[in-house]
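Going by the order they are written in, the chains are A, B, C and D; count residues from 1 in each one.
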Amino acid sequence: MEPTPWKTALTDARPNAVRIRGYAVEQLMGRLDFGQAVYLLLRGELPDERAARLINAILVSCIDHGPAVPSTLAARTVASTGGPLSAAVAAGILAVNAIHGGAIEGAARALLAAEAADAFVRAVPEGSGGVVPGFGHRIHTHDPRAARLFELAAEAALAQREMAAAREIEAALERRHGRRIPLNIDGAIAAVLLGLGFEPEVMNGFFMLSRAAGLIAHAREETVREHKMRSMNRPPPVYDGPAARSVTGTRSQNPEA
Amino acid sequence: MEPTPWKTALTDARPNAVRIRGYAVEQLMGRLDFGQAVYLLLRGELPDERAARLINAILVSCIDHGPAVPSTLAARTVASTGGPLSAAVAAGILAVNAIHGGAIEGAARALLAAEAADAFVRAVPEGSGGVVPGFGHRIHTHDPRAARLFELAAEAALAQREMAAAREIEAALERRHGRRIPLNIDGAIAAVLLGLGFEPEVMNGFFMLSRAAGLIAHAREETVREHKMRSMNRPPPVYDGPAARSVTGTRSQNPEA
Amino acid sequence: MEPTPWKTALTDARPNAVRIRGYAVEQLMGRLDFGQAVYLLLRGELPDERAARLINAILVSCIDHGPAVPSTLAARTVASTGGPLSAAVAAGILAVNAIHGGAIEGAARALLAAEAADAFVRAVPEGSGGVVPGFGHRIHTHDPRAARLFELAAEAALAQREMAAAREIEAALERRHGRRIPLNIDGAIAAVLLGLGFEPEVMNGFFMLSRAAGLIAHAREETVREHKMRSMNRPPPVYDGPAARSVTGTRSQNPEA
Amino acid sequence: MEPTPWKTALTDARPNAVRIRGYAVEQLMGRLDFGQAVYLLLRGELPDERAARLINAILVSCIDHGPAVPSTLAARTVASTGGPLSAAVAAGILAVNAIHGGAIEGAARALLAAEAADAFVRAVPEGSGGVVPGFGHRIHTHDPRAARLFELAAEAALAQREMAAAREIEAALERRHGRRIPLNIDGAIAAVLLGLGFEPEVMNGFFMLSRAAGLIAHAREETVREHKMRSMNRPPPVYDGPAARSVTGTRSQNPEA
């Protein structure tokens, strides 16, 4: 009831001036890539080169996974009804939950609790499938994104303790279940973001930021390539884009390169 | 009814392999920043350095504008009820419409139609305020983000024709209305994205991508700094974050640097 | 910037008292059905019995249409990721657009403009399929809901002029296209709501209110009957609920009964 | 991967026929009010008169609470940006969470667990404010909606055990906290819906269904009465609608009447 104004420490927006964490936004434009700006906004300080490279790798890792995953299917379904782009993107974001893209926060908590990985893994109730957020995947037995992210973190000599904790949980899962339940990209992101000092509560946001790009691309493809309100209940979609190819001659973000 | 599968040209996701526009995602991680990956996904090819710098500048430009704008207020309102992060972000995205962040597509169409800027501006109905999407701002008479984006595009020698069209509309608006109705960041983004070859229909997506970062930061700040379900109907918030400061020693993204 | 408070004419909520359009909500509870309360809130006055029966019939008409329609598919997709009920319902609502459930407003505008139905129908661009919102259906050649709603409106001697306009557009569409493009439930609702005095701008809301019940039921069915994050891209679902049956002995809402 | 179709027991939609739980929808139209149809869809059978009256009373109870509550503020914020009605309603629904409208499910679980109310109340962690979902209210010390709903349930001789459990929790809360933390409308709805045999998981849906009507009314009022993208950060709104009045001569839904 009292009329004291509330406060924000993120951005100071005044007539003809917008300062992000103290920095004039126009000074940041052209100097920071988006990953650096995300780090600044969420953490309050600029990242060094190594952290910036990892943040961008995380944002690249989840940018798309084809049309059949829940977030993308929800976005394409809304697009198929002629809805505006913002409605398609919002519907896709709403499908980011514990089972899809939203395991990063839970994985971070698991890593923080995993002093004794076997005890932790044993404590997971049987009824929940016995699994831990960030481990196991519907189609990937060896998630290439998770492996690459850990490779990059190792190159940067960051998040070493958290990566070790992830490996311990993986081993404990195999001991309990008698089969490999491998680290997935959610779990790998959790380990790296913990190593960089992020709070678990904002971590699922990295998946949302990354996948929002895919949702935009799919909403547009739906509008251009399909007729309105077509049935989505049909066989899985087939990829007909560019054949497999490799990046050559692109500037690596590796600070050592 | 026929069971032919539908098609996608964006991403080929198979067991243990995810290819974005033909590139293995793990090869992109560590080599591309997020702006480059967004360009690749939406356009189908990798950007050159100049285009990549502009895309990142666009994504940085709208990353936050403080808590009082509609998208942020909607996200904080949802966060104040204890909703999950995805609900707060989705609610914020739903506030991106023609009046707020969603003028980029309309501005692009205006620029494409602006062969004869005076005729175009005269054709805008009086009832709509006589304005053109991408021009005029509630609080900025000189939007520092728009000026900086055009400076960067000029440095890159890109979007020159589209920037000229924007200046012509600005001049025509001043002639019709007798006062300056300046280009805003939406209009500047539209000109640069047109110059880079993007379709108008995906352009509002850049605002959504950028601002999603702000929505995440504000949802978290709301949860940490305010009590649940507090009244939002009170005086505008006050900034209490870091004082004004400057970037020094940060690697410039300027390819000429 | 001026601190004058804004105003609302809908509800006066104070400590221990909530008045809807002037009526204490606890006095309305037990006296009004939900259709009557919706009418009161949107129109400002209580409906008579005939109007109340039509409003309830409209709300019943769109309550569900099986799992394959876009709104329901979006809601089930979100539910399949473990999202909260509010996220599933919101995603479903976001699929209510011009092509699905959101043609009521457009149909009302068509009916208002249909003084000369042939001229109106001729003016529809060829590229848009030549159709008018509220006419034609993907699977129904004779929409039983539209027929029944007009039967009820005829019994009530309401919306007669608007129903005639709908029939004229139907006839003009047949003359132009050489085949029947029948009134659908969106068009029928538009005619009846116009007859009852509602503004076109709120009319799509009746579909949202009605279908929200279906979204809740499907989100729950998804959770109970399907495994998490299952593929939606498969053959259309099969109905296995109660066999066809009839209402007997239920109090008719017909005021004449 | 197997191509077996999935199943639904809710609605059988075929060309020219839509059956809700076995009943042809056109037979339900004009015979059921919306509350009865919601009961049929969610429970599978038609309600008797007493249950139908309670369902409608629940749907009426939460239809609106003025513009300052989170769901309504989110919807009005989206409407203020020119978004479509579906976006405003979806944003409002997203604000239905544990703190606002979404305590019904939790309250139902509390009532089910409240064999020994004192032990239950003592088990609530101090850190959570010591409160139980469905008890306490930001502005109502005596929620007139909760009192009326219990009065109606008592008249119908339904949900007696669940109402008693609610009173026991209320008493146990007073014993623990030394002050009255009264049953609110969420808690009262939970007790009545439990008594009617609904599952806790669908109960928050009743608030969403009910409040969706308010969201539609407020989105429209925002568009009509306020200028676009106005600041919401200002003093609380003032009611200027019809003065207090009473229903007279309206058909009571009381089956005994």
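The rule is short, and it goes like this: contacts are C-beta pairs under 8 Å (C-beta built on N, C-alpha and C of every residue); 3 or more make two chains touch, one makes a residue touch a chain.
Please read these numbers as outputs of a predicted model, since none were measured by experiment.
K.L.:
Show me the overlap between the contact partners of chain A and those of chain B.
P.N.:
Per touch definition, common to chain A and chain B: C, D.
K.L.:
Taking contacts as defined above, which has more of them, B-D or B-C?
P.N.:
The comparison resolves to B-D.
K.L.:
So, what's the distance in Å between the C-alpha centres of chain C and chain B?
P.N.:
About 35 Å separates the centre of chain B from that of chain C.
K.L.:
Spell out, as numbers or ranges, the residues of chain A touching 2 or more other chains.
P.N.:
Only 68, 83-84, 86-87, 90-91, 94, 96-97, 102, 231, 234-237 qualify.
K.L.:
Would you identify the shape of the chain contact graph, picking one of line, ring, star, complete or other?
P.N.:
Graph shape, chains as nodes and touching pairs as edges: complete.
K.L.:
What residues on chain C touch chain B, complex-wise?
P.N.:
Going by the criterion above, the answer is residues 83-84, 86-87, 90, 94.
K.L.:
Touching chain D in the complex: which residues of chain C?
P.N.:
Counting only chain C, the residues touching chain D are 1, 3-35, 37-38, 41-42, 44, 46, 49, 53, 56-57, 59-61, 63-69, 84-87, 89-91, 93-94, 96-97, 102, 139-145, 147-149, 152, 199, 201-202, 204-205, 208-210, 212-214, 216-218, 220-221, 223, 225-226, 230-231, 234-247, 250-254.
K.L.:
For a test of understanding, state which residues of chain A touch chain C in their complex under the given definition.
P.N.:
68, 70-71, 73-74, 77-78, 80-83, 87-88, 90-91, 94-100, 102, 138, 228-229, 231-237
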